[in-house]
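The next part holds the structures, each set out as structure tokens.
Common to both upcoming complexes is subunit A, partnered first by subunit B, then by subunit C.
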Partner chain A sequence: MREAPLRAGLWLALALLGIGLVLPLGTVLLRAFEDAEGGFAGLANILAYARTPALRLAAWNSLWTAALTTLLTVPLAFLYAYGLTRACLPARPAFRAVMLLPVLAPSLLPALALITLFGNQGLLRGMLGGGSLYGPVGIVAAQVFYCFPHAAIILSVALGMADARLYEAAAALRAGRWRVFWTVTLPGARYGLVSATTVVFTLVVTDFGIPKVIGGQFPVLATDVYKQVVGLQNFNMGAVVGLVLLLPAVGGFLLDRWAEGQRSATLSGRAVAYQPRPRPARDVPLLLLCLLVAGFLLGIVGVACWSSLIRFWPWNLSLTLDNYDFARFDAAGWGTVWTSVRMAAWVALIGTPLAFGTAWLLERGAPGGLLSSVLRFVAGLPLAVPGLVLGLGTILFFNHPANPLGFLYGTLGLLVLNSLVHFYTVPHLAAVTAIRQLDPEFEAVGASLRVPALLTFARVTVPICLPAILDIAVYFFVNAMTTVSAVIFLYGPETKPASIAVVHMDEAGQASAAAAMACAILGVTVAVKLAQLAMAGVVERATQGWRAR
Partner chain B sequence: MSAALERPPALVAAAPYLVVEQVSKRFGTFQALDHVSLAVEPGEFVSFLGPSGCGKTTLLRAIAGLDPPSSGRIAQGGRDITHLPPGRRDFGIVFQSYALFPNLSVTANIGYGLRGRAWPRRRREERVAELLALVGLAEHAAKYPAQLSGGQQQRVALARALASEPGLLLLDEPLSALDAIVRQHLRGEIRALQRRLGVTTVMVTHDQEEAMSVSDRVVVMSRGRIEQVGTPEAIYRQPASAFVAGFVGRSSHVSATVEAPPGLLLVEGLRLPCAAARPLLYGTPVEAFIRPEDVRLGGAATALPGAFDAEVTHGEFLGPVCRLSLEASLPSGRRWRLEADAPPELARAAPGTVLPVAFPAERVMVFPADA
Partner chain C sequence: MQRRVLNAALALACAMLPALASAQPRTRLTVYTALENEQLAPFKQAAEAAVPGVEIAWVRDSTGVITARLIAERQNPRADLVWGLSVFSLLQMEALSMLEPYTPAGAEALRPNFRSDRSPMTWTGMDAFVSAICFNTMVAQQRGLPRPGTWADLLNPAFRGQIAMPNPASSGTGFLTVAGWIGSMGAERAWDYMTKLHENVQVYTHSGSAPCNNAARGEYGLGISLDMRAVTLKNQGAPVEIIVPTDGVGFDLEGTAILRGSRNMEAARKLADFAVTRAANELYGRFYAVLALPGVQAAVRGYPAEFEQRLVSQDFREVALKRDEILRDWAARFDGKSAPRN
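Coming up: the complex of A and B.
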């Protein structure tokens, strides 16, 4: 009986995910089988898709650029993560910070930087040997930058959890370095490798910003959805392409889930952490590689910042802040940045308590029952849904004349709901992980002392998990700040986010202004990240004193 | 209120504090508790003892209301509590992990349940100070749990459970996370504290020595059922079933049948005198148990009827006694392994030595074999 108000929280979460995710996704599925007049079309749309060579070509292009990016990114990220975790490198925190930089930037930023360098009017165009940047070359190069941190984070976690005892046992059995690498290191990281591979592949296939800016006439699935919907107003064909886009994402999602399940038992509680010892033959080449990669990442960001300060590319290279006077290029001016900040703040403010509270209710507060199982499944779903498909579903669902929620269309509220749902899975999983580390009997002890579960939640669970909660809030904020793919269908005249302004400025040929806007977004996210680090210190002192012995 | 009015007369007459009636619990197809009934007297210290998976923790959690039973009835102090949530019952609990709140100081942990109108600040502070003194942790009041030793953490958990003077104290393997010496010390302390406060206590443990040393009565459980409820001496000396005889204490075990003259067992051709076999029918298959301290060796054995020879396979020095492992050749040709505590003169018997072995007839425990 006392669980009733707690279960209401679960219903709220389910309602939000239902309206923001399940119903829009269902709408996409339905529309793929409808004709233009709304009648049942059966497989006609899908057959029409399969018979259009241009569309088939886009699917093939998406696949091979994604495969090539994965092939380049994962080994590079593996070596970088290996350097961070298994070698004695100087300034490891700095390398780690640089590694995270691309996450804070919108995916358009590397594309804009590459155009500055190698585009039609690029400084280093000659280095391409007459080839064109616009197309697969640019897409793959920009995607490597954009996907690198995602792979590197996963792999440094996988490589960071090494059990020193296995290495001591291998050494005692007189195994050589290569043998140890192949029999201990690589097997220990293999699920991380699977995970990194699927994540990179899915990111590339579903990303919209990079091919939009640098893809030129090279069609891929993501730009096709946009073209069908925004250009041709063919919503049904857009839905079919969306379904095709959904396939690799769902496949990658399932593969990743499988890897996650396999990984759980690899490290026992008794493991002894591995501490690398200096060995120049390994450390020096890894240091050089890490310097090279870090230089590439910083270089791209640096070029973007620099190009945002150029007066008139490429004829007048003197520096100016004029490009940051956004009102010259877009009526909304800095208003778009302000819109993005407000949207991201709302997503963080609503999403953090929602994700953490729901995870707690599912794990501890009111677990069990069909409602919990359904919610658990739905909470994992957003990871498998590309932003474009979600955006398309949302526009189709909320624009339907019979939908009483239609008034939300074009409002900030819808953008917030959409971003909240789009980025829900990772915070949910992070919250579940944090809560599972707590003693399972906290709530039982509280109950035996006649303390309501909500009070134990507030006095014990939240203070202990505050660092994780802060991480979740920043994750929501940064992602909402940089997202392009879902919101591109959803903004209204009054609610254009900064990331969309970047796309529009680029379309209008205002490359320097676009770079300036991308840098403005990066500035906000970096500031928030720095604020988190500063706050983490305060929070640590205030709530984590008990960790010290 | 209505529960108090409806309580059955039998409960009032015997006035046990905690009554468990026909309680069953199923997890899917697994029967964790199978029609368990039990009565605990006020102020009594009762232990649930059994191997893992026997249902002892499930029964404790049913009493606490953490996992309500599938069927049956539980009453505490004459009140039916079967379907009450834990927050509306009257008990304190100490978990195996202690579940101390790591971000709260010792003081805040102990005072965690002392809230509301009944506990104004002054009264709460006094009560916490009293409890800190009771468990001997006054000087650690401001520390966090991670700064305490395992034994100290255990005492904080105990103080927290006792803070609001519950009528029932539940202990779920409270000592198993500690090392052997701290464990022995603390179990004595828990028992002394329980006697002093007179709080009815139920403890779950898989450690029989722990159960025997602190309990007024021990409840031996196996596969979701109660095998025996009795004083520690009773379950050791008069086990009610073959399971209890095998689980509690050490014993040597053999399958046998009841022989024709009353008071004899037949073990694959070997005849053993056994007083407990007298009332049993000829030919009944039985399981026979003998404790190592009851086995007679050497001269003491030859004086008894039914002595036979066995070969020493190895000796185990346990401090006060030396326990010998022996093998007897049965007439059927099978080797039968036995354990016996050696008298001082035989403590150094080398492997290979052949000794006469005999069992005092009144010390052999027999139970009809399961079909």
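Coming up: the complex of A and C.
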């Protein structure tokens, strides 16, 4: 096998991740120890941070709201996932689809919907009993909505893999239902629970959209970074807060890695897939719960879309499309939506071949070596880096006067690079998983027939993995459409994405227009997701027929 | 199969390429501004029609953010021009030698207090705006709030938790309001007033329009905001009354200036020339009542009469040079209640 071109591919991936991730993060680290004039400040910034009570308060607020959200979200998501995988529920595909809805919208959408429901003029404000939505109440409620699918996806995968023989053995030993649950089901989903917990906790600590819209005067870390950088242009203090923000994320990442290492193979080759049998005492309550959760998710999205159609909240509730005339609220008008679509399409177009190609090179192409190990490590890193910190590092790195890449500053190219790197880990892992499922014999047979490895890749590997590739492309697209935190520092005069326009409209108090823009984004992502489902059927028939016997 | 997918992907990529590498025959001016969003499109259209060969790329944010950004970028300026920025910020930038001295053609015709006193000039004025109270009559009725006529009335305990005010660090409106209080009451009484007012304030917002927008939506009973936002909302049918307090209001000028180090100096000068013309002032008059060029009739309706008399007399330069100090003081006293991003 000619290795040189394959290695070149690995170097390309490493270069992109290096420029887009490692160097910007390094810049953040350096800036945290610099004074305003660029000299070495030692620990002065960090001490100044520790001495500012308002900043310390923000760190504490972030921690406890994240912990509370995790405590609420993970059990709820567990029950929902349990219902989907271990009970006999009708319309399971529909429940699965509704579960994904929050992922398709920017995180600001639930916050805007909650204001319509529970704000000072909200329809249901009486339910708060005189308390205020603005602050921790609103943050936690909106975060539960936003984080729910992330936890539910992980847990439904974890609960979906069960060995029926264990349950048969437990039944033979006359174990009661609770005992089976505590000794078989929960241990089986243990690592999924650890994963879901760290993911939700990290999401809440690092999300910026929700506290921005609904946080009121309640300071949290994510809004503090923003305040320091955009409001005060104090990049060094922003870098310090960014480092503090990095701590829980890296902690969660390490915990997850540790749990991953503890996991032995849960499913051996002889496992028998568990099939739930109908049992009303279990199915009916779970169905009710799933209906309740799905209704809540749909209701929040519905309220947001309804509020985007209202002429003048709350005095004139007649419906209108005026709020979708975005040029009235933001100079770029609908242009921001097209900017987002273009950016997301580029991220998907470049990111998909890059992630898949790199994963293949790592698994099957150029074996071993230091380069591969470094690349594997770097590809896993973005998951642990909050968008705000990555965005801050990117602006500091690319706006440095000595950087020859400075021409990228404020261009669509930089937004694309940043989003690609920011969302790289999950597609990378998905591609690795898809490729590992393939028998290495394909390459061996190809090599023995003297077919070049790249040809085997194009003729066999890619078609077989097409459903996974489609998943990766849609993942890149959807995340690039909805992201706020990283790009908020990076857009230029001509390249403002729609998600940022939502922030700006909300900032100016144009809540209906902000909701309209959030719904426009949701419309695009839902359309793409539906297109994927439609295409998946075709692709399935064209490329996956051989799997059936 | 994969060839078809590849072809489709290639075709899509080609279709998107022109967008990335669009040709630019006109000179593109990067203009930093704190104008209101709905002003941007008409201003761009009018300027590009009047000054051929120039294209405007706006960078818009609240006054404090744009000012901080301009100052942070001063080693490596990205803006050619500022058009629609508070005179306090312009004078602060003048003191840092960031403004290009240039007297636009016809600038002498502007009211003397609406243009730079240097020669050549460093900035020219556009219009004046004042802080005003947006008072939601509907909410007032529901919650039994009295109608405030003066700043002092806002200290009434009935308004506890009912007031939204812009944060002066980010919002130009917020700063001119604070500057107005300091100007009319004197520093000591003004800080004392703000400390008492703080008890009634529910939130300090990022932008100057947000308090009025939120008061119009009834989220708060009243918002301290800028006159233009209040007038626009009232004209849209919001249940707000615009109150210009009778015990003196701060006012601010919006102005135009060229940045030293602009890479498109010639085009920037042409745009600065346009900014002082009668046509440009008529444009400003669609939103504001007090204009830089005498004799231009403002087209905007709904402004309270006689409000010019309520303006406090103000030494812009003196306040501008103290801007940082005032903001530091303010943040130390009241920052806990700010909305995120201030």
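Convention: the second predicted complex is superposed on the first by the 546 of 549 C-alpha atoms of A that agree within 3 Å, B and C clash if a C-alpha of one lies under 4 Å from a C-alpha of the other, contacts with A are read in each partner's own complex, and residues count from 1 in each chain.
We take it that a residue touches a chain if its C-beta (ideal position, glycine included) is under 8 Å from a C-beta of that chain, and two chains touch if they have at least 3 such contacts.
Note that the structure is predicted; figures quoted are calculated from it, not measured.
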Room on subunit A for both subunit B and subunit C (clash or fit)
fit
So in the superposed three-chain picture, is A:P463 touching just subunit B, just subunit C, both, or none of them (first/second/both/neither)?
both
Look at the residues of subunit A and decide whether subunit B or subunit C touches more of them.
C
So in the superposed three-chain picture, is A:V180 touching just subunit B, just subunit C, both, or none of them (first/second/both/neither)?
neither
When the two structures are overlaid on chain A, which partner does A:P452 contact: first (subunit B), second (subunit C), both, or neither?
first
Is A:D330 in contact with subunit B, with subunit C, with both, or with neither (first, second, both, neither)?
second
In the superposed arrangement, which partner chain does A:W313 touch: subunit B (first), subunit C (second), both, or neither?
second
Touching partner for A:W546 - first (subunit B), second (subunit C), both, neither:
first
Contacts for A:K227 in the overlay, against subunit B (first) and subunit C (second): which applies, first, second, both or neither?
second
For subunit B against subunit C after superposition, the smallest C-alpha distance in Å amounts to 12
Of the residues on subunit A, which ones does subunit B touch that subunit C also touches?
463, 543
Once bound in the complex, which stretches of subunit A touch subunit C?
54, 115, 119-121, 134, 211-212, 215-217, 219-220, 223, 226-227, 230-233, 235, 312-316, 327-331, 333, 342, 345-346, 349, 399, 401, 410, 412-413, 458, 462-463, 466, 492-494, 507-511, 542-543
Would you mind writing out the residues of subunit A in touch with subunit B in their complex?
1-2, 439-442, 444-452, 459-460, 463-464, 543-549
Flag every residue of subunit B that touches subunit A in the complex, lowest number first.
64-66, 85-89, 91-93, 95, 97-99, 101-104, 112-113, 115, 144-147, 160-161, 163-164, 166, 170
Could you list, by residue number, the parts of subunit C that touch subunit A in their complex?
1-2, 5, 9, 12-13, 16, 19-20, 30, 37-38, 40-41, 44, 57-60, 62, 64-65, 68-69, 71-72, 75-76, 78, 138, 169-170, 203-207, 209-214, 217-220, 236-239, 335-342
